[in-house]
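In what comes next, chain A is part of two complexes: it sits with chain B in the first one and with chain C in the second one.
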Partner chain A sequence: MSKERIQISEALYDIMPSDYQDLVKSATYGKEDRGWKDIGTSKELIEQHSLCAGCPESMAFRYILASLPNPEDTVMVGSTGCTSLVFPMVAVHNIHSLFGNQNAIASGLKRALSVRFPGRVKDVVVLAGDGATVDIGLDMTLQAWFRQEKFTTICFDNELYANTGGQESGLMQKGFVAKMAPVGKLFDKVRLPEIARESGCHYVVNCTVSKPSLVEKVIRNAVHIAREIGPTYLQLYTPCILEIGKNSMEGLQEMRDSEKPTERFAYKEYVSEPAKQLLAELAAKDKERKAAAKQLAAQAQAN
Partner chain B sequence: MSDYRVLPGPEHFLPPAAASMGIRLPNPGEAHINGVIVSEEAAYEEAARQFLMAKVPTIFPGPLVLWAWNEKAAKKATAIRHLFNTLKECVQPGQKPMLIPMPDYRPKYPKINPEIEINPNHPNLTIWHNKIDCCVFIGVHCHQANLSLKIIRGGTSCYTIAMCAQAGHEDAMLSIRDTSVEKIMRLADTIKRLKGTVQPRQASA
Partner chain C sequence: MAEIKSIIGTQNKKGQTYTDTWKMMNEAPRTPSFFTGSEVIKEALRRASCDVMIAYPITPQSEAAALIGELFAEGYIGDYFRGESEFAVMSQCAGSAFGGARVFTTTAGPGTMRAMENFPMWAGARLPIQMIVTCRGINSPLSIQPDTLEIAYLLNTGMLVWHAETAQDFFDWILKGYMVSEEPDVHLPLALCCDGFFVTHTKDVVNLTPADMCLPPYDPYRSPVPCMDMECPPVRMMRDPFVMKSNYISYATHASWQQEIWAAVERSRKHSIHWLNGLIDTENTDADIVIVASGTAVSQGREAIRLLEDEGVRCGLVKVKTLRPWPEEEIREATKNAKHIFVPEFNVTGWLAKEIRATVPNHQRVHAGPHVCGGMTMPPEIIVSEIKTALGMKTFSLAGRGS
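Up next, the complex of A and B:
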């Protein structure tokens, strides 16, 4: 769908709630270099959300939606969890799958879109929590990667089942005691980024969402690589402040503390050789485009 | 023919789907009132009468007409605006016609603002808040219209009309099928013709 098709009927424009009018007037659909810096100057693709005050997941959502390179032609696939409370407020096509089968849904969707719109770029992005990605849906997650399905998988890792009160998840750190896991985790955090690399993902990143520019970069890379080459995986730390005993304003610091060089969310990136080549080509094209735009601006000023 | 009649509720929390009670959809050129197949002409008359009797007659345009997907959608939107303007001209003092959009079908959290929109997952909120006692759905995808119609019949006493672009809706109290710009204009004309001949109801929903 192009931005031109997202228009309100003139005869009924005045009765549309203002959030829809704003989406049509000032959202960044179709903008080539959209990114997190558009936040505050344009209509975001997320309306009010129902997450807890100060939840880092809401920050992650805002940065991701601001950074998707092609939101008007993107379909997101979600799963059960806190994220499923946000998707109804998101102005990007999305599907809520059954708990855990998000990567299976996305596989079929991506293939169907390729058949239905052969000449168009249609991106599919899975966004699910650690329970859906690593525990309940691990089979579907891995099988999609083995098959080299061309879509991005994003895992919001909060290291437990937050939505249901704090049960142990595979991505919980060893020894952690949660409200509904009083014995403490007995085994190590599942090393999904490494499993992703070995399963055929071409771009894998493990990081927090404390830095918007970093989130923007990894999202763009992941979507572009998935579009052209094969599966990509992002594991983003979005701590549940309630379940780890923090206050609303402490989420950002928690992420900063967890991304220090020796910590479990220190920035780690894996890029396959074909993906490196693609990123280099995209960077060269981007440079060319920016230089041309600069030249054009200079010419316009001279005239 | 089934003895079941699709009447204003509140029927109960989960009313049966009218189709499961033996109500069938009208054939082309027909309509239904309360589940009984009638001529289209009779349906226009009854719809106009219900609108002119209601304290808060309301039009709910859906995404198929609110968004200008194509020229036809934009033309239907213009016809709906004409229908609303006609309704405003034809009602008596004390009646309050409304035009409330259903922009999309997302189950919005924590809840919608019932003053300015209606959502198929809890349409009763908008009906209750605005004391709507007669409404028409136009341009709503069939599944979402059925959902809304059933919830409204279950929990409110609102009279529901469905102007469907396809085969009509059993779950509405009155349904006209194959709705086009001409059919919307025809309803507006019928309202105009019956102006002053119908007394508004005393009590509201």
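Up next, the complex of A and C:
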């Protein structure tokens, strides 16, 4: 899709919802260096949300949608959970079908788009919670990686089932007392980032969403590597402040506390050799592009 | 439509000519071929302009699913792979259909049951996926033998459900099925069922359409819901997701959408009548006794009628082709003269007899049986015996009945 596709007929312009008008006027579809800094100066691809006040997941959503390198040709796949409350407000085609089948849906989708649009870039990005990714959907998460399906899997890890009211999940920490873990969770947090690496993912990052610039970087890397090489996996800590007894203002601090070097969300990254090479090539191209732009600007000034 | 018309007469990369489906199915020359049901599925797919086929091994559909893989290797199918389970496969099919592809898959018995959560989702999302169901037992202990109980579970999913009797039905209906389920006012998935082994693993003469003709490709932009390919504006679908709202607007939205799915099933009626030449086939329905059946029970019923004729008992036949849409009026009309209606079935519960009882007046006329299940065959003699017993005629004793 190009930005022309969302243009509104002049005769109908004034009756269109204002958020649609804003999308046409100032969204960042097609902008090559789009990123989190566009937030505040352009129309975001997310309109409102019905998450709890201060929910870190809402921040993560905004950063991710601002950072997708190719939103005009990206289709997102969600799953049941808090994320499914947000997707209806996202200006990128997205699919929610069942709970846990997101990586199966994405596998079929990516292949259909490859058959239908040969030679064109169509990115597929999965975004689901930890229950969907690691518990009910683990089979399909892993199998998509084994098959080397070329899409990105993002897990919003809030370490429990938030949308159903705070039940134990596989990514919950050992010992945490929650619904369905009445005497505390009896086994360790599932080590999915390591499993992802062993399952064939070419880029794996475990981090929080406290820093928008970091989220932007890992999203761009993950999407580019998935497009060219194979599966990528991001596990992002988006704490459920409600269920861990925090206030609306405390989400950011919770993430900062959890990303300290000895904590479970200390930044961890794995990049496969082919992916390293691709990132180096992309960085070189980026440098070239910036230098050319700088030269052009200098010339314009000289003239 | 203009786009579809313009493609008729052009060739695909395999040199097949995109042909008007009505002409291809009804006017083009047919070649008699001696094939198994599985091979017939492959031959239908060769002509189906299918974009994506997703496979998983389960008896008795494994052979058909693997043969379609050969078609992919030859370049007739856009993409093909083996999924990890039927639940995953049906979700992968959904993903491909959401992305605008013409999709095909096959399953059977426990696979159908494992995948069940997907089927109402397919219908609700208006995905015109075609799924072949080669029915087999779903009971415990494990059975791989023919048994049609799984069809009962498909009847309320919102899918179209057709029940093929022969390999010829299969060949024709696979191709015609896409024409019905891809109509914009239908746009629903189709479960095309047959009785496993009896149809899949036996050889039969099947008249095939020319191999150099194929269906026009699927046009996802005729869908009543947007195709998820970012080729049309990604507008917000709703202000708040209805899933979380406990209010009247939310209930009304869900209720009206469910009603719309079933209205679409009803709207498929006229297209199914057009392509299948009616939802039922009838023979001698002026007789006092009528057998109503679907699948291979129809063939056995036909044989039983021949045996009864030899004894001077005249009997009519109704072959039910579509279970969804349900041929309510047609069955009522075809059985209006019948004093006795017999419903032979390959399952333990008699779901077809229940449907018929709920359809016809004076439902005490409906004899739910004979039933065989667990892989038993249904010799025509047991249908004859059932009918003669009900009529108070003397009948031979069947082994094992102790009479």
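Things worth noting here:
To be clear about the criterion, the second predicted complex is superposed on the first by the 301 of 303 C-alpha atoms of A that agree within 3 Å, B and C clash if a C-alpha of one lies under 4 Å from a C-alpha of the other, contacts with A are read in each partner's own complex, and residues count from 1 in each chain.
The rule is simple: a residue touches a chain if its C-beta (ideal position, glycine included) is under 8 Å from a C-beta of that chain, and two chains touch if they have at least 3 such contacts.
These numbers were taken from a predicted model, which means no experiment stands behind them.
By the touch criterion defined above, A:11 reaches chain B but does not reach chain C. Here chain B and chain C are compared by how many residues of chain A each touches, and C touches more. By the touch criterion defined above, A:50 lies against chain B and chain C together after alignment on the C-alpha atoms of chain A. In the superposition on chain A, A:143 makes contact with chain C only, not with chain B. Applying the stated contact rule after C-alpha superposition, one finds that A:72 touches chain C and leaves chain B untouched. Contacts of A:159 after superposition on the shared chain: neither chain B nor chain C is touched.
Of the two partner chains placed by the overlay, chain B and chain C both lie in contact with A:88. Look at A:135: by the touch rule set out above, it reaches neither chain B nor chain C. Residues 5-6, 17, 20, 50, 85, 88-89 of chain A contact both chain B in one complex and chain C in the other. Contact residues on chain A toward chain B in their complex (touch as defined above): 5-12, 15-17, 20, 50, 85, 88-89.
Those residues of chain A lying in contact with chain C across their complex are 1, 5-6, 17, 19-20, 47-48, 50, 72-75, 77, 84-85, 87-95, 97-98, 101, 104-117, 122, 139-140, 143, 147. Residues 61, 65-69, 73-74, 76-78, 80-81, 99-101, 103, 106-110, 113, 116-117 of chain B are the ones that touch chain A when the two sit in their complex. Within the complex, the chain C residues that touch chain A are 51-52, 54, 78-79, 81, 83-85, 87-89, 91-101, 103, 117-118, 121, 125, 226, 228-241, 243-244.
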